[in-house]
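Look for chain A in each of the two complexes below; its partner is chain B in the first and chain C in the second.
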Partner chain A sequence: MKPRQIIDHIVLILGCLFMVLPVWIALTSSTHSAETLFREGLQLWFGDQFVENYRAVLLEQGGVTKTSTALRMLFNSLILGLGFAVGKIVISMLAAYAIVYFRFKMAEFLFWIIFLTLLLPLEVRIVPSYAVVAQLGLLNTYTGLIVPLIASATGTFFFRQFFKSVPDELLEAARIDGAGPIRFFIDILLPLSKTMMAAIFIIMFVTGWNQYLWPLIMTTDDSMYTIVIGIKQAFQVLYEGGELPRVQEAFALTILAVLPPVLVVLFFQRWFVRGLLESEK
Partner chain B sequence: MADIAIRDVEKRYANGAHAVKGVSVDVADGELLVLLGPSGCGKSTLLRMVAGLETITDGEVAIDGARVNDVSPADRDIAMVFQNYALYPHMSVFDNLAYGLRNRGVTKADIKHRVDEAAAILGIEDYLDRRPNQLSGGQRQRVAMGRAIVREPKAFLFDEPLSNLDAKLRVHMRIEIKRLQRRLGVTSLYVTHDQVEAMTLGDRLIVLNAGKAEQIGTPMELYENPQTLFVAGFIGTPAMNLLPGKLENGGVTFEGGANLQLPDMLSGKAASKDVVLGIRPEHLHAATGQAEVGFTVTTDLIEHLGADTLLHGRLGGNGGPALTARLPGKVFGSESDRNGFGIVPDKLFLFDAGTGHRI
Partner chain C sequence: MKRVQFSGTPLPYFFVLPQIAIVIVFFLWPAAQAVYKSFLLEDAWGLTSQFVWFRNYEDMVLDADWVNTAVFTVIFSMIIAFASLAIALTLAVRANDILRGASTYKTLLIWTYAVAPAVAGLIGNLLFNPLIGSMTHLLHALGWEFDRASNGFDAAFMISLIAVWKQVSVNFIFFLAGLQGISKSVQEAAILDCRSRSKRFWTITFPLLAPTTFFLLVINMTYAFFDTFGIIDTTTRGAPGGSTQTLVYKVYTDGFIGADLGGSSAQSVVLLLMVLVLTAFQFRFIERKVHY
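On to the complex of A and B.
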């Protein structure tokens, strides 16, 4: 038993190190000057350039990415991530509500049609979506960035499964208590779905935040770039031109890009776990 | 408060299941009518049609004289208590009770007053801030009752409200429900498959079998005067002895050859045919030989219950139909000492084996 546990732990710790080390190096290296990194290579401990580097990345126009400030890009990503997640939750909850609680012809069939779209990733329809958005004059707008993405088969599926697990008697009790379809949705279903919403929010926010291809095609205006595009730009810029590569700023940008999803996961995970504990039984 | 009239009500589900086949019954103002029957007989379906949770395929339901077939559940002014309580898990007990009132636009002060009053009646004042999952089964049951009584509805509808409780609590809550219903005087329909619960709670019972009403009457009427084999077998514990045999020459011949001479009042009634003779275990007693029908039984097992003793055996020896007798108090001696029983003639029931009807 004991030696076995020790081996298990060694494997786990090695695994963690393997995952965490690159992030650690990015974090520590982002606090050194370009000269240090150039002369001595990547750093494993913090330097003294933290404030300078991050200030430069966040606020300097045409800095490491030669485009927007990181602040602008973080803001764009945040809008995309939030719009993506909230939009998906709203749309898929309403769709699942209709499918589960309203008896209309072919409800089941329509659900499976929605479900089948899971097999079609965004990339498959990216050209027609682009054409539609372009014709509507929505290029370089948040609407154009978000709306084409917010239909969600995954979300609809999860909410459908969840709604089906809510006892019918709850609906019946609410009907007898004088709640119509909208009241029932708002007063009963929505509060019961909190945990589910938190879970889907985590997944969808991170997915939205990490969207790459769609924003890349959609946005031609620098001010609409998301942080993920920014990272790509930064690495493109890194080795062109004669000046010293601003590796430290590229790392700072990366760290900034990772931070919000991490915070969202940390925050909502607590909510998520608490929700699970409360609704037990 | 109101009466409920159920007239020739039919229910066919979309999948073709014919769950209720023409049931008619009137529930008087303030009466508690129990719907009793085995699983799948259509009790819940009938109740849910009265509640408005299922459409009525045919026939009519009227509450307080007004036809409600097409009225929504909320507008029927009824309250329902569900088997699993169906409390809103995310709301406090107070909000659970208040929700229906809020939806009806009752003022805040009035809601507070009514919830407090209901909570006091049910003894749940101390739990008003708790969530349902912080309550015991019995407390949840009370909250479910509370949700019904704050509404001050025209009728209560109960669908097996006690079946999730343990046996002891069930007996306790049964008595509480009865008291509460008497005190509030609200017309009630109560679904159960437990005949003891039905007998103790109901002012009247309707026994359902495969979607049809077998018999409607007070508990004692059903016990003393079952009109069909089904009712006879369903009401009473231990169940009535139902002995299949052949009626001929004023007597019944049972499997295994045993013959029982019937009293005139029964034997004259029918020509020779297949019958079922019904005898309640508690109506059998040690033979005295006077003005009685006598039974010879080979007893093979004695069960001591304390207040009573059950004797199991076979009528007329091996091969005869099984028979159970329930004798008061303690029975002395061994199985072999117990083989003569008697019964007063008017406690015998004779049923037509073909139709199941009383002869």
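On to the complex of A and C.
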């Protein structure tokens, strides 16, 4: 190997260590007792408390999860991730289909309305959004958690771009064969969009799972907390002081919070990268 | 648009209805409320309110706290954007060049995309814990009396490092795609013309990547403005003394914890204008130049 290549590998290995080490330390430290961590510092290798720590976090109330359990939080996160991804794909595909494949009066105007959402991230309308959801009686519900998040324009842009790249001849042929708009959508467009749907699903699942600000303000009931909000709660429990902080449980909670989305990204890496590149275009 | 389209049916209205309804109820209406509230002065219980024109904006601009927060946010964003772009580009160039192990490196470098900012925040927080944190021990061993609880610079260093860590993966993916998009013939011609690798990078590769870099700059600024909320909320919460508070964090604390609706709304409107500028920038300069 040439010296230049060796330097390349050294730089890449350092980069990988930078990315992996923090989570590795969280993983290994989550298998020790709080006493060990406070006596000897964070650990680089596994201890013998794996089962105890993860059982406490997943199944038992108290500790860093307070009156909820990580299992409950994981379930809520799963609902949010799936609901967000599916909801977004459904409404944005329908809207994009209407805008690309139909000639109707308000098409342009409606497209611009959808575009406006890009200018209005949650952070700029946070207090009034909370008020709207409260007035509709949707605080602490899955509907209130998911629906306000799924309207943004990214999905619509993504499918609009893709539909525009579908050859016109397909529609011409379908119409000659007597297919109407719904038939064309179901029999032709949907099968063609499979890969795109999978790619955007991966991205949106991860995005939904990782939502922070919205669940933070609209879930006040512990049983509705997602795992990411559980992280915030663990943070508060740790810094309230009192007995020996249960750092090992906090680490276990972070591992549980990152594991599902990380597995999804690793398992569907090709689709994930494609979805990311296409959706940000 | 398509040459052939369906027409003369009410179907498209039904198809766009769900999205438009959600946009109106949860985007346009709250945003209009934010703008309206920014001109009101409410008493602490929200019972009476008074139209005060730009009073809230005046108060905001004259508030040293807000000015410091704005300055911090801008510097913080630029540091995060610059550092994460530089790290990602360095890694992407090398991952693109090497022959063996490239896919392993790629996997190890992109998975952090899936880590939520709040989770990154808590892990980073514990790594910098004054008693047990490995990073604190390391920095002390290097002679840096790291103290995030009372030193604003140290606290800012911590959250910047966490924010950069979280953002490298996205930049890496886009840079790698950009590098792979440079045609083989250009690369071969470059190798013939110019033997020095670093010169080749700066005179040929980097300019060809400019559209990607430009686009990523906007993405990173947006990230640093908005998505770092979760990191700050699980590490410093703006402490010590508001020195690590971003504009978004201040909107949240003033609006939800301080219950200053007018002031918080005025700050929201300023953020809205910033998003407008960033988005306009992105569409004006980037749509045209990016060649994927």
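By definition in this document, the second predicted complex is superposed on the first by the 256 of 281 C-alpha atoms of A that agree within 3 Å, B and C clash if a C-alpha of one lies under 4 Å from a C-alpha of the other, contacts with A are read in each partner's own complex, and residues count from 1 in each chain.
Heads up, the rule we're going with is that a residue touches a chain if its C-beta (ideal position, glycine included) is under 8 Å from a C-beta of that chain, and two chains touch if they have at least 3 such contacts.
From a predicted model like this one, the values you see are computed outputs, not experimental measurements.
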Open item on the list: Using the superposition on chain A, tell me whether chain B and chain C clash or fit.
Closed with: fit
TODO: Please work out whether A:6 is in contact with chain B alone, chain C alone, both, or neither, and reply first, second, both or neither.
DONE: neither
Open item on the list: Between chain B and chain C, whom does A:186 touch in the aligned arrangement: first, second, both, or neither?
Closed with: neither
- [ ] State whether A:132 touches chain B only (first), chain C only (second), both chains, or neither.
- [x] second
Task: chain A residues touched by each partner, larger count belonging to chain B or chain C - done: C
Task: Partner chain(s) touched by A:172 [first = chain B, second = chain C, both, neither] - done: both
TODO: Calculate the angle at chain A, using C-alpha centres, between the directions toward chain B and chain C; round to the nearest 10 degrees.
DONE: 90
- [ ] For the combined overlay, can you note the least CA distance between chain B and chain C, rounded to whole Å?
- [x] 7
Task: Touching both chain C and chain B, counted on chain A across the two superposed complexes - done: 172, 175, 280-281
TODO: Please name which positions on chain A make contact with chain B in the complex.
DONE: 167, 169-170, 172-179, 183, 187-188, 191-192, 278-281
Open item on the list: If we count contacts the way the header does, which residues on chain B are in touch with chain A in the complex?
Closed with: 51-53, 72-74, 78-80, 82-84, 86-90, 99-100, 103-104, 131, 133, 147
TODO: Over in the complex, which chain C residues touch chain A? Could you list them?
DONE: 1-7, 9, 11-13, 15-16, 18-20, 22-31, 33-34, 37, 87, 90-91, 94-95, 97-98, 101, 105, 107-127, 129, 131-134, 137, 165, 168-170, 173-174, 177, 197, 219, 226, 229-230, 233-234, 248, 251-252, 255-256, 261, 264-265, 268-269, 271-272, 275-276, 279, 290, 292
Open item on the list: Applying the document's contact rule, which stretches of chain A touch chain C when the two form their complex?
Closed with: 4-5, 8-9, 11-12, 15-16, 18-20, 22-23, 25-26, 29, 37-38, 41-42, 90-92, 94-95, 97-104, 106-107, 110, 113-114, 116-121, 123-133, 147-148, 150-151, 156, 164, 168, 171-172, 175, 180-182, 206, 209-210, 212-213, 216-217, 228, 231-232, 234-235, 247, 250-251, 254, 257-258, 261-262, 264-266, 269, 272-273, 276-277, 280-281
